[in-house]
Amino acid sequence: MGIRVAVAGASGYAGGELLRLIAGHPEFDLVAATAHAHAGAPVAAVHPHLAALDITFAATGPDVLSAADLVFLALPHGQSAAVAGQVSAGVKVVDLGADFRLRDAGAWQRYYGGAHAGTWTYGLPELPGARQAIAASTRVANTGCYAATITLALAPLIAAGAVEPDDVVVVAASGTSGAGRSATTRLLATEVMGDLTPYKVGTHQHVPEIKQATGARSLSMTPVLAPMPRGILATVTARPTGDANPRDVLAQAYADEPFVSLLPDGSWPRTAATAGSNACHLQATTDADAGRVIVVSALDNLGKGAAGQAVQCANLMLGLPETAGLGAYGVAP
Amino acid sequence: MGIRVAVAGASGYAGGELLRLIAGHPEFDLVAATAHAHAGAPVAAVHPHLAALDITFAATGPDVLSAADLVFLALPHGQSAAVAGQVSAGVKVVDLGADFRLRDAGAWQRYYGGAHAGTWTYGLPELPGARQAIAASTRVANTGCYAATITLALAPLIAAGAVEPDDVVVVAASGTSGAGRSATTRLLATEVMGDLTPYKVGTHQHVPEIKQATGARSLSMTPVLAPMPRGILATVTARPTGDANPRDVLAQAYADEPFVSLLPDGSWPRTAATAGSNACHLQATTDADAGRVIVVSALDNLGKGAAGQAVQCANLMLGLPETAGLGAYGVAP
Amino acid sequence: MGIRVAVAGASGYAGGELLRLIAGHPEFDLVAATAHAHAGAPVAAVHPHLAALDITFAATGPDVLSAADLVFLALPHGQSAAVAGQVSAGVKVVDLGADFRLRDAGAWQRYYGGAHAGTWTYGLPELPGARQAIAASTRVANTGCYAATITLALAPLIAAGAVEPDDVVVVAASGTSGAGRSATTRLLATEVMGDLTPYKVGTHQHVPEIKQATGARSLSMTPVLAPMPRGILATVTARPTGDANPRDVLAQAYADEPFVSLLPDGSWPRTAATAGSNACHLQATTDADAGRVIVVSALDNLGKGAAGQAVQCANLMLGLPETAGLGAYGVAP
Amino acid sequence: MGIRVAVAGASGYAGGELLRLIAGHPEFDLVAATAHAHAGAPVAAVHPHLAALDITFAATGPDVLSAADLVFLALPHGQSAAVAGQVSAGVKVVDLGADFRLRDAGAWQRYYGGAHAGTWTYGLPELPGARQAIAASTRVANTGCYAATITLALAPLIAAGAVEPDDVVVVAASGTSGAGRSATTRLLATEVMGDLTPYKVGTHQHVPEIKQATGARSLSMTPVLAPMPRGILATVTARPTGDANPRDVLAQAYADEPFVSLLPDGSWPRTAATAGSNACHLQATTDADAGRVIVVSALDNLGKGAAGQAVQCANLMLGLPETAGLGAYGVAP
């Protein structure tokens, strides 16, 4: 008998990716996949790629979740607190939602609205000290997908004093699965294919999370919806503060990381190269004429940006090898 | 020390998928990845999704291949015979090319041209008796990608006498990776995105392979190039010969198969649901008005249509569990 | 002052394409674009490609429509009859819906359900005698998008006795705009990109329309949803009845047609080549081994499959040059 | 008899778009479409969307070009000077290449290499005074595609003193047709679909052109290759210098422009909305927290970014209505 895990909110895209990763994990046994509208339906009816997985969605409730050793919450923003409250204290929880990520209640209210649920250990293992903190926690707040992409690019540079924490400018494009599985006209294939368009310009809710995780003081972020199902490509620029080579800083920060690769000089990240994996690919340069360090970061928003990251955190919390059940190789082309 | 495997022709798309599967296989150790023009280059320079794989392409030659327990040949059509001849007799070989698939030398010459290299055991384990034949072989000819898709849909129905083997009509659309990695204008993204177009209408080289594998006597095949990187969707129609329900025939044929799923009644295959996996999804119906049985089959042309199938055959040849290192869950959405 | 035209149901994709064509038509003045839920909204809020068109959706009603010389109805199936009844008899009407296409009330009820509204002149000008009938009509039922694609490929061959009208087998893939603008999970970009999947296998409602227009007696049709916004590619196969060359038959049928092109021998239709135009591209061959004539037909489902066809019919009904405001050149790549 | 126009380099994507626009232009008669490797081939063999256009590529040479009233040069960078030298002085020329865009010979050599050919009137009619200068010129250097997109967003703000000309940060994603029609692995559909990747980071050759056209003193530009055939989306950020509302500045600059639309407040540009048209869509906001003005600009790289722009310039040079043969409505969805 392996470690008993459950997924609450398993009918969404991140939930589906969690089910796929759990099915391939050497130590995990799935004991429940819960859903709301789809409770009672076969999982394969919602996730056709899991056709060979013969299980049915349960309703989300305290009994089914507390029977697990670890629960992943993949619920809409604002719903995690209520469900987390139903889970026994002895059950570990990784929340893929935003509810417990921010330390600043004012920032929560400004960007998300409603009451602030609290603050859990932030689930980005590659940050300094984070690995140990996650391993010691029973409640972990997984990163946002944009936040993971941008923080991995920016945090070491600010920490090393290689760039100014002011006037960071980010443009980041995401595949459509990041917008979730709710049916809206704006996300129809007919509207998206062949199209690029920005949204939430300067107002995206991951801005305070990125500031908190990187130490950036001012940061302009323009999210763009891109015609692909998965992947985030973030272009992060900041002013250099000295002569530090940004590649050297990143190389040192991630030398021993299994999932973060600084690409060879001259190679730039491609989102497709990270699809289906827990990898993040980075490259950096300094544009001396423009006075900007430019770091480009790519990952799979459902992988290192959501479900893969969550499994990585769960592995740490459970004392398993951090890479168990996770791959660094993308499914490409 | 695990089983030593090598890949000849590892710089193509099927070769890259083999490398990915080998890296995740519990028993395989990659001892060589060979290439022609790219010999000496880092694998990651050609396959950016394998950025974390720190190996270099070797030149294809007898020494490097004969040091393996099993060699995968992922070479252009017509080149396998020469390379296979360089491999020691004691080394097992799975050829992903077409060179050794056909029993009929005349058909070979008509569809491929040049001298017929010979005939190896045909590598489709789900055919009756094939599993045992593959396990007993040291040389196996892997299926073509269209051939696998269409044969899995059609063979059981002809074998059961449920459809006529004459006047089979097939339209099958493939993602672009099936056309390989050579740069041609016709395969440019600019030309392909937003476009559907047929090619090799009535003249595709998989027609004799499909006839051989299914027993079809006459078969019209229209291949279509589709704007997606991976996946084949084949619509196979044939005239019913009696009252047999095609779903029942397929259900019985594949009841115990780990990689072939007959979907629940009313669900139709989606190529995306098989991406990155070794799965084949099937559905069938009878259109009584039109007098046609219609079977639709979907798989990943690089998975069950090439590299996944090859690993499945290799597992059998090596006495490993048939499913080792292979997944039935697609990477979707 | 030009000819006054109105569009009822202008907020859908076919409606949007009508507005675009009308704006570029040398003789048409748009007097009303009506909608239901969007009445009162700026047209550009729904159709961002019409940003430069400064008009507002009106509510659909008798006054606004009867003020026009000609009304296009681009309403959901089943709603045309009620709206058509509100339009003055002196106002010409082209209905892009299915309501008035079928002569057989039983077929209507079987495939669409509900009461049969009646039968109008069928709006495919390239059929023998159709051009004159349309010009003489005040009420015309525009073709379905699949029906136009398949009928243009098949009708001349059956009429010439070059193929049998029995056992016609069609597989036809459509871009997503053919499914309309209603938000459903199945049509989300995340689900569609990278995916091919069949639907309504053997049960599509255009089957009786195609039989009526071509004289086919039995016809198997498998529609496929393709990852592109526009375009239909139909592969139509039938058994040859004699020695007639299908290319010769098509060349003769369409020798003088401005919008239907039989491609040079060896060139096969590409949907992208017809995008945004009123063109239909055809190619044909005989697969002697398989005993099948294969005709492939491509058009833009919103162009020659809907709005372009409707404008072509309107031009005939109004005594204008048939090609006015229409192009034969696709917007490609 | 209309105005006689010729296209040199008509086999590329911009050349094909020119042919399409010329065919629909009310005053233009195409007298020659020249090519190099394709000379002698039917135009439709290279541009399948022009199947109905029954002409053949001529070889590029002085006689064929000097017989025209106006010649469009759509040649690879560096080849325009030689061909332009062959054209009679009385023939007007619009060059879609980069050869004559820059005033600074040093910048030319740094970014393009080779000898600087000279400087022609810069072909962006919406710049102050440009319309008159173009009308008075016989030689016009058309804008680069990125340059047009970014300049339309940025130039009025710098001119009005609303943003600082230093530390401009741009991330701009382009569809693949911008990379041309040469077959390279990197541009294969298999590699591009599902992928976003940057290229020429900080080194793109349009940087000096943008600085020249906008007055920006330092500008960081990260180009991104996006999985779509057409379209550029540029996110342009700069520091505000006062209290000017960037929307007001843009509204005033483009109030009377037929092809540049400042979208209603809250609507952001979508590349698909400009496809196939000569439109540019803009939106702007100020992110006070981040201290950045953000302008987003979208256009069709083959339309307003190349062939449409060139026709607009030609109209001015020929004394025709500036909008002749050009549309402001995109072909969408």
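Observations
Note that the chains take the letters A, B, C and D in the order they are written out, and that residue 1 is the start of every chain.
FYI, contacts are C-beta pairs under 8 Å (C-beta built on N, C-alpha and C of every residue); 3 or more make two chains touch, one makes a residue touch a chain.
Just so it is clear, the structure is predicted and the values come from calculations on it, not from any experiment.
Common neighbours of subunit A and subunit D, by the contact definition above: B, C. For the pairs A-B and B-C, the count of C-beta pairs in contact is higher at B-C.
Over half of the residue-numbered contact pairs at A-D are shared with one candidate from C-D, B-C or A-C, namely B-C.
Centroid to centroid, with C-alpha atoms defining each point, subunit B and subunit D lie 44 Å apart.
Mean C-alpha positions place subunit B and subunit C at a centre distance of 38 Å. For subunit C, the set of residues touching two or more other chains reads 13, 175, 177, 190-191, 193-194, 227-230, 270, 272-273, 275, 333. Under the stated contact rule, the graph of chain-to-chain touches is complete, every pair of chains being in contact. Across the complex, subunit C is touched by residues 13, 16, 20, 23-24, 42, 44-45, 47-53, 177, 193-194, 229-230, 258, 261, 263-264, 267, 270, 272-277, 279, 281, 327-333 of subunit D. Listing the residues of subunit C that touch subunit B in their complex gives 167, 169, 171, 173, 175, 190-191, 193-199, 201-202, 207, 218-222, 224, 226-231, 233, 235, 237, 239, 268-273, 275, 285, 287, 289-292, 294, 296, 298, 333.
Against subunit D, in their complex, subunit B makes its touches with residues 13, 175-177, 179, 181, 183-185, 187-194, 227-229.
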